[in-house]
Every structure is written in C-alpha cells, then in structure tokens.
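So that you can tell them apart, the chains are marked A, B, C and D in the order they are listed, and the count of residues begins at 1 in each.
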Amino acid sequence: MVTLEDYKGQTPAWCPGCGNHSILKVFKEALVELAIEPGTFVIVSGIGQAGKFPHYLRCNAFNGLHGRTLPVATGIKLSSHDMLVIAVAGDGDCYGEGGNHLIHAIRRNIGVKLFVHDNQIYGLTKGQASPTSIEGMKTKTQPFGVLSEPLNPLSLAVALDCSFVARAYAGDQEHLKFIIKEAIRHRGFSLVDILQPCVTFNKVNTYGWYQKRVYHIEEGYNERDRFVAFEKSLEWGEKIPLGIIYRNERPTFEERMPVIKDRPLIEQEFDFEEVKKRIDSTLGEFY
Amino acid sequence: MVTLEDYKGQTPAWCPGCGNHSILKVFKEALVELAIEPGTFVIVSGIGQAGKFPHYLRCNAFNGLHGRTLPVATGIKLSSHDMLVIAVAGDGDCYGEGGNHLIHAIRRNIGVKLFVHDNQIYGLTKGQASPTSIEGMKTKTQPFGVLSEPLNPLSLAVALDCSFVARAYAGDQEHLKFIIKEAIRHRGFSLVDILQPCVTFNKVNTYGWYQKRVYHIEEGYNERDRFVAFEKSLEWGEKIPLGIIYRNERPTFEERMPVIKDRPLIEQEFDFEEVKKRIDSTLGEFY
Amino acid sequence: MDYTIKIGGEAGQGIQTIGDTISKVFSRMGYHVFTHQDYESRVRGGHNFYQVRLSETMVTSSRTQVDILVALDKESIKRHERELGPEGIIVYDASSLKERHDKPHFLDVPFNELSLKAGGSPIMANMVAIGAILGMIGINGDVLHSIIKETMGNKGEAILKQNIDAFIAGRDYAKANCLRCSFFSAPSSKPKMLIDVNEAIGLGAIASGCKFYTAYPMTPSTGILNFFSSKAEEYGIVVEQAEDEISAINMALGASYAGVRSMTGTSGGGFCLMVEGISLAGMTEIPIVVALAQRPAPATGLPTRTEQADLFLALHAGHGEFPRVIFAPGDPEQAFYLTNKAFDLSNKYQIPVFILTDQYLSDSRWTYLGFDLDALTYRAYRLKGDERVPETYKRFAYTEDGVSPLAIPGKGKYIVVVDSDEHDEEGHIIEDGETRRLMVEKRLFKKLPFIKKEMESPRLYGSERPDIVVIGWGSTYGIIKEAVDELAKRHSIAMLHFSEVYPFPYYTEGFMEALKRAKLTICVEQNGTNQFARLLKAETGFDIPVKINRYDGRPFLLEELIEVLNGHIGRL
Amino acid sequence: MDYTIKIGGEAGQGIQTIGDTISKVFSRMGYHVFTHQDYESRVRGGHNFYQVRLSETMVTSSRTQVDILVALDKESIKRHERELGPEGIIVYDASSLKERHDKPHFLDVPFNELSLKAGGSPIMANMVAIGAILGMIGINGDVLHSIIKETMGNKGEAILKQNIDAFIAGRDYAKANCLRCSFFSAPSSKPKMLIDVNEAIGLGAIASGCKFYTAYPMTPSTGILNFFSSKAEEYGIVVEQAEDEISAINMALGASYAGVRSMTGTSGGGFCLMVEGISLAGMTEIPIVVALAQRPAPATGLPTRTEQADLFLALHAGHGEFPRVIFAPGDPEQAFYLTNKAFDLSNKYQIPVFILTDQYLSDSRWTYLGFDLDALTYRAYRLKGDERVPETYKRFAYTEDGVSPLAIPGKGKYIVVVDSDEHDEEGHIIEDGETRRLMVEKRLFKKLPFIKKEMESPRLYGSERPDIVVIGWGSTYGIIKEAVDELAKRHSIAMLHFSEVYPFPYYTEGFMEALKRAKLTICVEQNGTNQFARLLKAETGFDIPVKINRYDGRPFLLEELIEVLNGHIGRL
C-alpha cells in the first residue's frame, strides 16, 4: 500500500500561499488513491515555478528546459509506453516558449498527461505577462499593459481535437483531485489547465477573483460533443467553468506505432550478435 | 498605373503544373487591381517552395529562415505600419517549424496578411509529410503512414479569435483573387490557407481530388459568428468549403501600441542632439 | 572610510529595498558605492544577501570582510557572522528572530516594535533597519527624506510620515544603543550617479538610436527589458516581449531590415535559441545588437548566479562563416560607451555585435560622477528616401570594402530584397559557385580588416613596465583593478583588461610587449576552461601560464583574489 | 580502366535513376565506383549532374575529365563539353534536344524513339540511355536484368520486358554507331558493396543498438532519416519526424533518459535550433548521438551544396562547459565504424557525440568489398532492473572517473531524477557553490582525460617520413588520398587525415613528429576560415603555413587539387 509518506520529496521553494502548494498536495493524494508506486512513473517538467514540481514529491523526474516538456515526455512515452508519463508545465512554459510542441503533441495524441499550472503570469522570472495574462495587465515588461488577446488553451485544444481537455482550480481541491485522476486514467493525451493563483505577482487573478467566478460544469453536459465543448471552452470572465470540457477516444500515438505495438521499446532486448547477423544480410542489399 | 509588367520577377523554379504558378499569377493580378506599386510593400517568406514566392514578382522581400516568417513580418509591421506587409509560407514552414509564431501572431492581431501555400506536403525537401498531410499517407519518412491527426489551421485560427480566416484553392483563380484582395484589405491579421496541389510529391491531394470536393461557402453565411465559423472550419473530407470562414474587427496590435499611434516608427526621425539632452535628464534620475 | 554593509535574509523580506535605499543615500551624499547581490532562483524564502560597499574614494568590487551585517533571519547570522571584521557589528531584531545574542558585536534593534510604534506595517520594519544602519555610521538622513518622497510620493502624506518616523526611530535607537560603534562618515561631496550595467546598456542603446527592443524574459538579462519598458513611452521605443527567443531575434531583424535600429537581449539557453537567427543576420547583412548576460550553465544551470563561460559560444554562434564583434564591458560606464559603439559598428558594417555581461555585473551598482555624452557617436548609415536611391538599387552590390548601401524598403521605386539563401547583388537566390565565392569575399573577407581596425587595444592599468600582469575580460574589471591597486604597493604589477574582446585589434604590439616582458602573467576568469586565455593564445600565440578560475557561480571577492594572486606572486 | 561518366540535365529528367542504375551495375560487376552529385535546390528544371567514376582499382574521388557525357538537355552540352577528355564522347538525343552536333565526339542516340519502339514511356528513355552507356563501354548488361527485376519486380512482367527491351535497344544502337568509342571493360570480379555515408551511419547506429531516431527533414541530412525509416519495421526502430529540430533533440533525450539508445540528425540551421538541447544533454549527462551534415551557410545558404564550416559551431554548441566528442568520417566505411564508436563513447561517458558529414559525402557513393562486423563494439552500460539498483540510487553519484551509474526509470523502487538546473548527486536543484564546484569537476574535469584516451590518432597515409604532408579532415579524405597517391610518384608525400576530430588524442607525438619534420605542410579545407587548421594550432601549437580553401559550395576535384598542390610543391 502506497502512503503519502512514500511521496515525501524536497521542501517546496514556493511562496507561502502559492496555489502550487495545493496542487502538490492534491496530486500526491490522487497518486495514493490510484495506488501508483513512486518508482513506477515519471514526471517531466520545464523551467518555472511549476517546473520545480517533480522535486517536491518522490518520483522519477526529468526537469528539462523551459518550454520543452512535451518533446521529452513524448520521447519517454514512446520508449516506455506502459509507464505513466506526466508532464507539468507553467503557462509561459507551455503556451509561450513551448506552444509549438503542444499543438503537435495534441495531433499525435501521445499518451502523456499534461498539467499546466496556469497562474496567468511568469512567476519564477518575477512577474512578466504570460500568454494567458489578461488584456491590459500592466507589468514591468508590459508598460502599456498586455496588448494581445489572451490565449485560450481549452479552445485551442478542442479545435485540435485533443482527446482530453479539462480545467481545474487550485482552490477547489476535491474537484482538482477528481480531474487529476480522470486525466491520469485517460488513455490518450490529456490537457488539464489548472488555475493557480500566484499570490506574489498576479494581483488581478487572485483566489478571490477566481472564487467569485468558477463553477462546476453542469450535470448532463455532453463532454463528447466538440461543438458544445468549443462553446463551453470560450466561457470566461464572469463565469469560469471547471470540469472536463471535452473528451474523445481517438487511438493514441503509441498504439499506432507498429514497432511498439507488442512490447514497449525498452523491453525489446538488443541482441548484438543477432542484430549483426541481420545487418550482414542488410548489407547484402548494397551489392 | 501599375501593370502586370511592373511585377515581373525572376523565373519561377517550381515544377510545371505546380499550384504555386496559379497563386503567383493571381497574386500579381490582385496587386494590380488594388493598384499597389511594387516598391510600396514587402513580402516576407520562409524556406520551402512557397518561400521562393517573393523572388518571382518585383517587390521588397525578406526571404528569411524556415518557419520564421511571422516574427520577421511582425518586426517590419511594427516599424513601418503604414506599409503593407505580406507573409507567404508553406504548410511545413508555418504550421510545423513555425507553429508557435502563428499562435502568437493571431493573439497580437498584428496587421500582417499571411498566405499559406498548403500543399499538405514538404515540397522543397522532396515529399515528407507536413502537419496538414492526411492521416495514413505513406512517404519516405512516414514508413507507417502519417500517424497523427492533420492540423486544421482554420479551426485553430477560429479558436484563437483570428481576425480574418479564409480558405482558397489554387485551382479556383477568380475566387482566390477575391480572397487575396479581401485579406489584403482587412485591417488586422489575416490567415489565408490556400490549397495548393503539389503535382510532384502529393499524389493524394491532386487537382482532381480538390476539384471534386471544394465548394464556395453559401450566400448568407455569417462569417462574424464564431460558433458558425468553428463548425464550418471543421468541414473537411467529402466537402471542403472555400471562402471567408471567420472575420472580426478586433483592434490591431499596431493600433494599440501607443508609441506608434501617431506616426510609424520609421518616420520618427532620430535627433541625436535632442536625444542626448533627454538622456542627460534621464541620467539625473540616477543621482 | 571603506565600509561593507551586508543585508541578509530570505527572499521577500525586503533585502533589496534596504540595499537599494542605502546605496542611493550614500551615492547621493557623494560617497562612492559598489553593490552586489546574491540570491536564489525563488521568490520567497531561501537565503539571499545584498552587499553595499561605501567609501570616499572609488570602489569597484566587493570585499570579504563585513562591517555591518543586517541579519533579517537566523540563517544570515549562521552564514555570515564569520565574515565580520574586528570592528564589525551585527544588527538584528531579537524578538522577530526569536533568538538573542549577547556577544558584544551584536546590536539588537527591535525593527518590528519600532515600526509598529511609528504606526507602520512590516514593510516599514525595513525603514527602521535603514535608520539603524545610517545611525550607526552617523548619517543623519536628510537625503533619505527626499529619496523616500521620490519613491513613495504618490502614496500619500500619511504613509510618507510613517516611513520617516520609522527611519528616525531606527536611527536614534542605533545611535543611542550602539556603544561599540566606531564608524564615522567622511564629509559628503558632489552627488554621484548610481547605476547598473543593464541600465547603462539601455541608455547607451537609446542614445544610439535604438527604437526597437524585443526579448523573452531571462535572468539576468531581464533588467535590460525592464529598463527599455520603463523608458518606452518617454523615448518612443517599441518594446515587445516575444513568445520565445527565436521570435525575439527574428522580430528584431525584421525591424532592422525595415530601417529601425533594433536590439535583443537574453541569457544562455535563450541565446542558444537565437543562434540560427544570428546566422541569418550574418547572411542578410542586417545590423543587430544582441546582449548576452551570462550565467552558470550548461542548461538552466544556476539561473541567479554568475559565470563567464559563453565566450566561445558567442564567438561561434551561427552556422557558416561571417564577421561579428564581441564586447565585454567591465562596468556600467564601459557598457554605456560600448553599447554606443556596438550600434555604430553593427550599422556601419551590417553585422551582428554582441555585448557580453553576466549576473554579477547585472546585479551590481557602481557610482560615477557622470557619463560624458559628448563621447557618443551617431552616424546614419542608411540611404533614405526616393531621391537618393536609384530604381536599380542593389541591396548586395559589390563594393571595395564589402559594405553595400543599405536602403529602407517601401520608400521609393527601388526594392530591397534580402535572402537567407546565397544570393546575387540584387538579393535573389543563386546556385552558381562564382557568385557564392564573390559573396563570401564581400561579406567576410573584405569587411574583416576594416572591422579589426575599429577595435581598441585592451587597457593596461597600473605599472607601465609591469613584472606581473593580471589579465581579465568583462566583469572581472573592477575586482582585478582593486587587487592590482593593492598589490602595486609592493610589486610592479598591472592589469590588462579586455572589454573589446573580438576581433583582436591589429596593432597588438603595445599589450603584447607588456605580456612578453612580464615575469608573471595570470589570467583571471569566471569559468572552468580558460576561454579567454585560449582565445588569446589562438589569436596571438601567447600562452598565459597561470590561470585563476572560479566556477561555483560566485564572484571573486577582493581579499580572496588578492590572496590567490599573492600565492602566485610568492612563487616567483 | 578509369572512366568518368557524367549525366547532365534538368531535375526530374531521371538523372538520378541513370546514375544510380549504372553505378549499381558497375559495382555488382566488381568494379570500383565513386559517384558524386551536383543539384539545385529545386524539384524540376535547373541544371543537375551525376558523375560516376569506375575503375578496376579503388577510386575515392571525382575527376575533372569526363569520358562519357550523357546530355539530357542542351545546357549540359554547353556547360560540360569542355570537360571532355581526348577520347571522350557526348551521348545525346538530337531529336529531343532539338539540336544536332556533327562533331566526331558526339553520338546521337534517339533515346525517345528507341524507347517508344520498345513500347515504353518517357521514363524508359532513361533505360535506353543506360543501354547506350553500357554499350559504349562494352558491357553486356546481364547484371542489369537482375537489377531491373529487383527494383521493378512488382510492376509486372510487361513493364519489365519493356525496360529490358529499351535497354537492349540503347545498348545495341550505341555498339553499332559509336565507331569512335575506344572504351573497354576490364574483366569483372567479386561484386562490391555500393553505399553512401547516410546509409553507413544508419547501419552503424542500428548495429550499435540505436532504437530511436527523430529528426526534422533537412538536406543533406534527410538521407539518414530516410534510411532509418526504411529499416524501422525490420529492426523495430521508432522513427519520428518531429515538428521542429528543438523537439527532435528533446525527444531523443527523453528516449535516452528512458533507457533507449537514441539519435538525431540535421544540418546547419536545424543544428542551431538544437544547441540548447545539446547543453541540456551536457548538464543531465544523457547519452546522445547527433549527426550534423554540413552545407554552405550562413543561414539557408546553398542547401544542396557542400562545405565544412560548422566545425567550430559543433565544438562550442551549447552554453556552458561540458565534454563532447566530434567525429568527421572521411568515407562511408569510417562513418560506419565511427557511428558505432559514437554510440559507445556517448553511452560510456554519458556525453553528446557529434558525427560531422557534408553534402558532398552525403551524395557520394563508394564501393567496398564489405564491412567487418566483428570490428563493432557493443557494451551495455545501463544498470537494469530492480535487483541491481538500490533504492538509494543516486543518478549523479560522485565517482572516481566522473561517470555515475545510469539506471532506467520506472523499473524498480529507486528513482531516476535529472535536472537542467545544477543539482546534487540525487539530481535535485541546488543553490550552493560547493555542490556546483563538485558537479563541474565530476561532469567535466574528471571525464575529460578518460575521453581523450579513447581518441585515435589521425591516419598518416603515404610516405612514412614525408617531406610534404597534406592535412585534411572529414570528407576530403578520398580526394586527398588519391592526390597523394598521384603525387607520391614524384615526391615524398603523405596525407594526415583526421576523422576523430575532437578532443585531440593524448599521444600526439606520432603525427606531430611528421608535421614538424616535413618541409611543407598544407591544410585542405572546404571553408573560408581554416577552421581545422586553427583548431590544430590551438590544440598543438603547430601552425600550418599553407592552406587550400574552397568555399563556393563545390567539392575539390582530383586534377584540380593535384594542380594546386603541385603549385605549392613547386615553390618548395
């Protein structure tokens, strides 16, 4: 039996009150409830406050470059696809620097579970606007306020037929846990955008701001209808829906990759002598 | 009066029959009909068959790196925003290598007009799959066929609230011309995805294939309704809609950037002596 | 008077406010100040410090020995007590630290209590601390009043008064209670300018006509982006935070092509992402200035620490062969003038120019009497307007010196065509070998000798015919200078400092002579593989026998460097 | 017998089919073959050529003088007639070129007409041309029958017969009409292997246990991706075309972290985009092999031409300091073994290893008797499975040689943590200077001497105590070798060829002696700035006085190089 103790990691270097603390707590609980052993899965992260996540629980971890979480996770998943591969990223990390990889990870439907700690700000670098920052928000590097329309990651994901699209909120722990578990259970690529208050730099999107707006998507919502999902994904402002926005059962990339269908790549032992024999016959093709 | 003669450029190095020839021809005609003088605008392109476009008509041209068309175009537009800035890209160029820039150019709504020569293949590099290649298409580098879902650039653009989204077809020249003109006339960022048969490498999406499927979007279609647009953007397969899918009048990035509101940056003369005086007073802040 | 004040504590405790404020007080009073910062890659917690050195004569480095340690947490005492000089004092608030020290070099100042009494909030406890520091040195703090007013002016009279009261409470408390305090303040003099290298680069760029700055945030280069942002409105500069560094450099190149002087700035990993764009600048001959603020690597490394290990990367960034210039200013003043020169050379020769700094330099502040604006250059190299540009204009026309006239697109009947492919004089793609050969010669071989002639020799400081030469580049300038000043009391010694790092100047005789006749030459670098020493060897054949390296992410401190240098000198 | 056949025409006319087919015929008949290609960055039109040299002895370069020119368009005659040797013949189809040449060295073969007569399509005109070439040399073409069958086997008997008929028609026509033809064919011998460097790299990688190849297409590296794709099913390799090069290297690093030997490949601009990922490999100590196929730059440059100008980029790619190995094979055989060594060293030392090739090498084919598979090495360096890895496993444990045991994540109770930040032995982020120092020492200083010991000395070929040494690296191997063979008839001369380019081997005495005692040393490079000569100087202090450079995107040809070398020798 796994217990929370088994997941003890380094002491978080986040600010007191940061939404990341709740996410970490709930995440560990979800893992325990799913009875996942620490050594059996991997968390890939980038650089940012969110990027530090895997250090704070006991797990296999690849804390890579800013923005490059998904390619690394894809490489791992393709190599060892019976292993649970989780990606944790910041909003700048994933929607800014790494935007291109998100698009293509969704296209592949690689079985990686992506959790974006979306604080609508660059936290670690001290408060610049992120792609999800609200229009008009002034920062030290946006002297005229943010001039671009914020990126809506959920609409983007629905548009690209992402196979699992959800929004959760760090301040709603029970619901967050439910979403984390669902995302992990989902076969294909899952994108969970977690609203995460940054108490230090984001003075607009505070706990209070979110609290006033978030609501659980109504019962009977058809998360399999892409048009309904698109409409729901656009809701933002006075009312912010939490829940599974969209879901489908497209085949995953690893299921479609013939050479790993039968066995994970990493389990396919390399028999040097045997391969040399086959190379010998391949060389025959060159005569 | 500008004539087609004024637009004479280098001789195209494209294959005979390539869809790019029609696009070039129609493009020149559109420019003539809009009475745009060759020296007054700029075309930015990347690398690929489409990337060669600006060499084939007389114009200011920045033929930059593969995938980096939009940042260059954005830099130019911000510097000289009363100048028409056109971007021409391939599908690999713009949706593969350059995917991240597309997302953020749309968010900015920078007044660049982007034409993607979408042949659903990598032409110049001899026939690898592109992000828009049809699932299952076998190539030399997709031995198992394309395993990913093709990117739908129009849905993506609608999801991101792109201010002008259209599809045209190289084989339907009159309509293409209409769309080119509309896109150029549009104030904000325009994305035109042009279906462009690659007669050499794409043996699936041929003239015949497109011809059978394309149709003009019906009269009365409400191109200002984002939900309608999303639905229309997803149509693909037996029926492929051509026309303006979506349009809005969001303010452009250059309109919002205060320092260039009154005058293009390039017109703001640099007066060295005057600036030195101001620097002198700025230095005062450091005492 | 040569005092070092160190403020230690957790991120978020206001260390920076205290450090910034007292530095400003000192510099405005006319003292010379040098500050440096040490902080972790986190926003709250951990252990940070801010070190301020003040003196009535010029100071350009940080010392190991601390005179006043302001300990905002227990950790600061644990870590830094041993750095205290014989007369040193540790100031702390026993009640908020929940620990009391009875040793004579401790001074308990009830920061919180005094600030509450002054009607203030916890932030104001910092004002009490500031008061205590100034009180200990015997500074009255009239200057502080105006500084508080300037920075808090818009917060209302009440807040202002609370702050000043808190300050006074701290000052008077310290004055009354620090019986052991033996500090004194030299008479104040003409106010000094207190500036850091990122501000100096920004100012230098603006003074050079830079109107476009785009970057993606990355420590320690973000300061430049912040500075440009803060001046965007006033100077009419387009400042844009790009979606990534690839976009940043390509946008900047687009702007430069369009006729606007532009710049970008970044650090290690971000610079890596710009490498292809730099090659594009090389091929299209578009002027561009790139600031590279180094930090310990590889990869994310130590994001808030210092290193000088990207010299070779800057030297070879970009595939293929094209000319470039690399500057590595040693202080904000050099940065100011070199940025100006960077823009001038970049536009004159249509090449990329890099300005290398590092975290140590980015987070240090220096004092100056002022900058000499008359030493700045501005020459407009662009062809402008229809009248001067013929319709047959060729962007890459072959010329004697390899530099082709650069016109602005969209302003006439001519066209401006640039291409990342190899191209002909008009800018159109070519395939033939002959044009290729000519273009390589134009772009690279013809320009190089002219560029080399623009480079200044390194600065030889100290003895004119030194027995010992200490060589450095970039940010080690200030520390080597002071070390040499100190060692010159007993030795024939000089510093040879390179701030114009590449290409090496033509007439190298001057400094080569000093190197060759010296009995001992020592190269000091903040890296593990002696990058500059290797470059010097490759360029001049001179092999510096002794190297001093530091690669733990921390800067050299004065006494430490002197000790190491003395060790080598002793073996002479 | 030493004939050069050149096929010229537009892209899309089937030049490559003709060239590939006749080379295959020759090599299977046991002749030695060397081919090289010259083509534009377009898919149809322009001017391309394919050059095939065949001989009964080993040939490793292309000659300037052409014996048979197959002109598929007028342009080919215009450009290449002058290259014809005294006995040379130009074969062309007067009716399809719409131009007739009556000079005696022209042979009009009605390709189209004969192919139509054979019931064929325009593609079969190429079969007629192939027939004509073989007919002229007096090769009957039984071998061709089987080759046609192998490549067209699935197209049905009718097509097959048409092709063979077309071939026979061409052959017989040429035999009957080429009265001036004085070519003869040496007796055929044991079939040779005909292979290019991209195939050799792919095979070498597969034989080394590489199971993961991801790349973004880019000429001239795409051949490697093609090869892996073609073998993916058979060898169970995951091959993925990434969305960009940044993704490619990060995916490959992910796979390698997960325990799978992985590789990526690219060219100039794509490599630039990988530079940050390379630094990540350096920091995380993840084994990775990267193939870098050079082409003329900067930027897009000449995408289908050749150059050796990315040596310094490869040497310094990535911010910060970490060890790396660079190989530059001179031919497919070296590429095969060096790729194997690349995987071994990369996994042994947990470092990035680069394999540098270029367009010339990528588009050349060479013949061999075979490769010796027993010369390959495979050592599994990974810890595998629960039983061998303790729960307290530390990814970056300090060790004597700096190499920490590498376990596979997800296979036990232990965890594998890697971090792009500076980290402790367990892989967790750190901030302190001491751990930083220890990690730099582990990662860099401790490993370096071991890695250096692995490097082989360069190959000294020719005279054992040469007066003249011609130095080269990478793809100039074949041409320098033949030039030296030729010049050795009159001079004491040798080639010194580096295929293991960096780090320089420890025991350099052997080749340094040859360099020092030579009267003349010459470095031959396909670049403008003597990158290798500068590296050699930096590493050994030896300054090669004479340099031969070519930077117009074209390879050296044999007679040309001999002439230039002779010029320098003459001045001795």
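Please note the rule applied: a contact is a pair of C-beta atoms (placed from the backbone, for glycine too) under 8 Å apart; a residue touches a chain by one contact, two chains touch by 3 or more.
Computed from a prediction, not measured in an experiment: that's the story for all the values here.
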Chain pair, B-C or A-C, that carries the greater number of C-beta contacts: B-C
From subunit B, the most remote chain by mean C-alpha position: C
Between subunit D and subunit C, distance of the C-alpha-averaged centres to the nearest whole Å: 45
Averaged-CA centre spacing for the pair subunit C and subunit B, given as whole angstrom: 40
Subunit B and subunit D: spacing of chain centres that average the CA atoms, whole Å: 37
Residues within subunit C bordering two or more other chains: 40-41, 46, 232-233, 243-244, 246, 269, 276, 280, 284, 299-300, 303, 419-421, 429
Subunit B, residues touching no fewer than two other chains: 47, 65, 96-97, 99-100, 103-104, 131, 144, 257-258
In the complex, subunit C residues that touch subunit B: 27-28, 191-195, 199, 203, 206-207, 209, 211-212, 214, 231-238, 240, 242-244, 246-248, 250-262, 276-277, 280, 284, 370-371, 373, 376, 378, 380, 408-421, 427-429
Residue numbers on subunit B that touch subunit C, as the complex places them: 10, 37-42, 44, 47, 52, 54-55, 58-65, 68, 70-80, 83, 100-101, 103-104, 257-260, 265-266, 268, 270, 272, 275-276, 278-280, 282-283, 286-287
Of all residues in subunit D, those that touch subunit B in their complex: 12, 40-46, 216-219, 222, 225-226, 229-230, 232-233, 239, 241, 243-244, 269, 299-300, 303
Subunit C residues touching subunit D - in the complex, by the definition given at the top: 40-41, 46, 246, 268-269, 271-273, 275-276, 279-280, 282-284, 294, 296-303, 305, 307, 309-310, 312-313, 315-322, 419-422, 429, 431, 433-434, 436-437, 440, 444-445, 527-529, 534, 537-538, 551-554
In the complex, subunit B residues that touch subunit D: 13-16, 47, 49, 65-67, 96-97, 99, 122-126, 128-129, 131, 140-144, 200-201
